[in-house]
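Next come two complexes, and both contain subunit A; in the first it sits with subunit B, in the second with subunit C.
Moving on to the complex of A and B:
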């Protein structure tokens, strides 16, 4: 058979098969037509369509369906914030509750300069892998430093600083919680925006040992507990100072005497992306 | 007699999932609940039987007759894709819950290598029309059997205390390997 005829036969036969099947599918499509709730599409237009999962549902479409069924309040969309909450509420005809902005807070400041290294880790450079071997830092509670949280962040709101611990950009974080789920050591927590006072340490080691392995660890000395102006505002638990956000004033007063400077108030909102980059640039120069 | 041999051979002895390792993606992906696994198996069986019924005439009466058998891959994929579309439409209409449960794996039957493998084996082994349909159906039954057994085991494992490195996919693949070894026991069932 000549090449020309073969090409023609191939094209015709494939085209024929395709056309027959297409016609068949077109008929079937008419027959099995399903009607979808048109409001789902409208809601999807309001939602940010980032499918971040911060609301607790797998994807924006699921949330839209739950919203229509009345199972989800209109302010659960963390990526959209207040604007989307208001639009959703207007669309659904329900009252919008004020959306509290949630932020991720990294509760460890033990980077290269502060944390003692007592091992060398040569495995795969991810936190999950390093966590199986306890990593290279002596502290088994702190940041492993391989940046899995930064990789998990879809909003460009995190970076590893020069010291090897992640920072959250106050202006970029939308509060989806992806970094919290990514961290194998659970040192990242979600907090409402009005929480200012944080103990930047998760070490449950005894004070003397904690101080030995990391310069900025909480040694559970109790000074912040005494200095807190509201009794019981800060308490000691498992060798850690714990802030009771319902009562403790979110100011600097109780943090002044901290010997290791691991409790701070209000440093989170200073870390914007611009500020972080300008510091990095200054260091480079 | 040959039909029975083909059925037993395709569903048990040469089980597509456990001896040829075709169709592993849905086998691991949709085997976490027995109910979904069974439905996935049924959908795949349906697609496989229809695939055999549709691709055999296409191959024999179009490709062989006009001397272009090298187009078999393209032609088979087109036919399979159309059939999967049909099944997807039907499931979406008849059972939205199942449609959501199967999720991405339903359209992925299109690229399920077990379905294409079935069509190619059918040609390779020179089955006639009836034999092909039986072969397609038996392959689907074998797939359903494997995925339902897998989901049964995985449902039991939900309550087990599994060491961290083995959790999830890794244990699923180990189980799949063990099941494949167990299925090797069927090899002596039919000689030849």
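Moving on to the complex of A and C:
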């Protein structure tokens, strides 16, 4: 066979196969076309696309679909905050609602210096593993100190301090709640930004025992209950002071007489990443 | 006749010679006992006494209506000092009744012997429930629940576990040597309660005196026999024992009763005898105190609720009295070295599932850090459940619960063979335990 003929046959056969397949694809494109709401893509441009899960849905795309279906309110995105809430409301043509910023609060201050250690824990250094055998601290309610919450935080908004308890940087925390889900002792809670007064202890032990095992535990003495200017603003429940956020004033007037200094107000302004790092750096030098 | 055995498993050093020849002694009556209200698998008990009450030995002090539960009884006579949270040998603090003893000892009718024909299966179950008997091998599953198989399930064989494959422990061994009649009688009572036609007592071949004693005691009963099994760990695990003694396999994720078999510990059988004949609830148990940090290893009959410190002091002591602190040179375990749980304090009570107290010198333990997995598959070769421990461990560390479940991680029996053989010293069973816990709690969350 001559070379020229072979070239022609090759070109024709390959071109033919290509044309047939292209025709098939063209038909398939028309016939099997799935209609996706084009607004989903537009909503994804507004949403932060961080897939943090703070809204309760697995990711931003899922939230976009729920928003369009009307199943989710426009102020549900925690990572986006007020700006995204407004833009979403405008896009969806619904009334804009104020987005409340949520913050994670670690309700335990019992670190190396304060909490008694009565055991030696030599297992895997994660909180879940330590919690199976109650860890090495005598208090069975407090922070285990292995930092699973810090590992869970995607926003670089948490760190373990030198004392062995986690701190939240309130300038960085977006309120996704990943740390809350990671903590096996449930000592981290999500609170709206306007909550300032917290009892930094979760121990339900009786006062004498609680004081023995941790220097900053709530011993349920009831002084904050008496000092609270609104009756019933702070109550005692299961050997622990509980703040009623609907009524209790969020200032520190009721906390001054606390013998163990486990209840106080207004920590958020003080703890920023900058402040934390400057202290850490000073210590390093 | 060849000895029965199961696939895979390991041969750890047994160290049983320390106590296997020593008679069971009664421990001194404790001055105070701490009785946790949860000593069994299932729902915790509700206290029936309050601070200041006077209780007598054998009085019921905690009960709950739940099906999977067992009541607890006062193990000494005296006054209730407090009902509060106290340390438990299996980890967290639980609500416990603390009794201060007055020194009185109740005499149980030890010569009483009822005829088995006079007891109906329902009566046996009722008495066992009231006596608070749980599996005494360690898992502490309420016995009355085991005696009540669901409808449509027939149990034809009851196996008594006399293997005691855990190193150092000899409590069951001594029970079989010293009280074989009680063991055989207890077995026939269990057989009657579930309507089984055959009873087998499985004993490892390294206990010839126990085999002889039990064979002699069982010579009168035609439907009870002794199965001699290979000395291998974990021969005493339920599923391994069934495979070795009757050549049946329990399907994955199922219970022994799905294979028509019921397994009980020999200690449980003795408790059955004492409960049904003497009306004595489970207020004391036999345990082994051993290990290279104990100067006088012993087999002791101990009241439930006596503190570890009290018992160790009767075996030559370990620490200064009254401190409850474990010196850093010693590790104290609730149970044996393979599956036992290290204790943080000696102020923990003996519970129904405490089969032994092992105190080991820290220097004799190898605890350098672990290295990377070299994929030698030593763990796969020894896993009695046929799992892949190296893989399960990694899934556990990576928190990949779905894959962990797909690779049947939940059927791990936590025997510890994989960690024992791992040349890289990887704490595989620890990771798997954590992963099992995560997998179970996540299932609960989804179910809600």
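As a convention for this text, the second predicted complex is superposed on the first by the 254 of 285 C-alpha atoms of A that agree within 3 Å, B and C clash if a C-alpha of one lies under 4 Å from a C-alpha of the other, contacts with A are read in each partner's own complex, and residues count from 1 in each chain.
Quick note on the criterion: a contact is a pair of C-beta atoms (placed from the backbone, for glycine too) under 8 Å apart; a residue touches a chain by one contact, two chains touch by 3 or more.
This is a predicted model, so every value here is computed, not measured.
Visitor: A:134 in the overlay: touching subunit B, subunit C, both, or neither? Say first, second, both or neither.
Guide: second
Visitor: Considering only the touch criterion stated at the top, classify A:205 as touching first (subunit B), second (subunit C), both, or neither.
Guide: second
Visitor: Looking at the overlay, what does A:34 touch: subunit B (first), subunit C (second), both, or neither?
Guide: It touches subunit B, and subunit C stays clear.
Visitor: Give one of first, second, both or neither to describe whether A:231 is in contact with subunit B, with subunit C, with both, or with none.
Guide: Neither: A:231 stays clear of subunit B and subunit C.
Visitor: Once the structures are superposed on A, label A:42 by its partner contacts, choosing first (subunit B), second (subunit C), both or neither.
Guide: After superposing on A, A:42 lies clear of both subunit B and subunit C.
Visitor: May I ask you to decide whether A:10 touches subunit B, subunit C, both, or neither, giving the answer as first, second, both or neither?
Guide: first
Visitor: What is the contact status of A:25 with respect to subunit B (first) and subunit C (second): first, second, both, or neither?
Guide: A:25 contacts subunit B only, not subunit C.
Visitor: Let me check the overlay on chain A: which residues of subunit A are in contact with subunit B and also with subunit C?
Guide: 132
Visitor: If you look only at subunit C, which of its residues touch subunit A in the complex?
Guide: Residue list for subunit C touching subunit A: 84-85, 91-93, 328, 341-345, 367, 397, 427, 430-431, 433-434, 437-438.
Visitor: Where on subunit A does subunit B make contact in their complex?
Guide: Going through subunit A, the ones touching subunit B are 1, 6, 9-10, 13-14, 16-18, 21-22, 24-25, 28-29, 32-34, 132.
Visitor: Under the stated contact criterion, what part of subunit B meets subunit A in this complex?
Guide: Residue positions touching the partner: 58, 62-63, 66-68, 71, 74-75, 78-79, 82, 85-86, 89-90, 92-93, 96, 164-165.
Visitor: Using the touch rule from the top, collect the residues of subunit A that touch subunit C in their complex.
Guide: Interface residues on subunit A, with respect to subunit C: 118-120, 122-124, 126, 128-129, 132-134, 136, 140, 205-206, 209.
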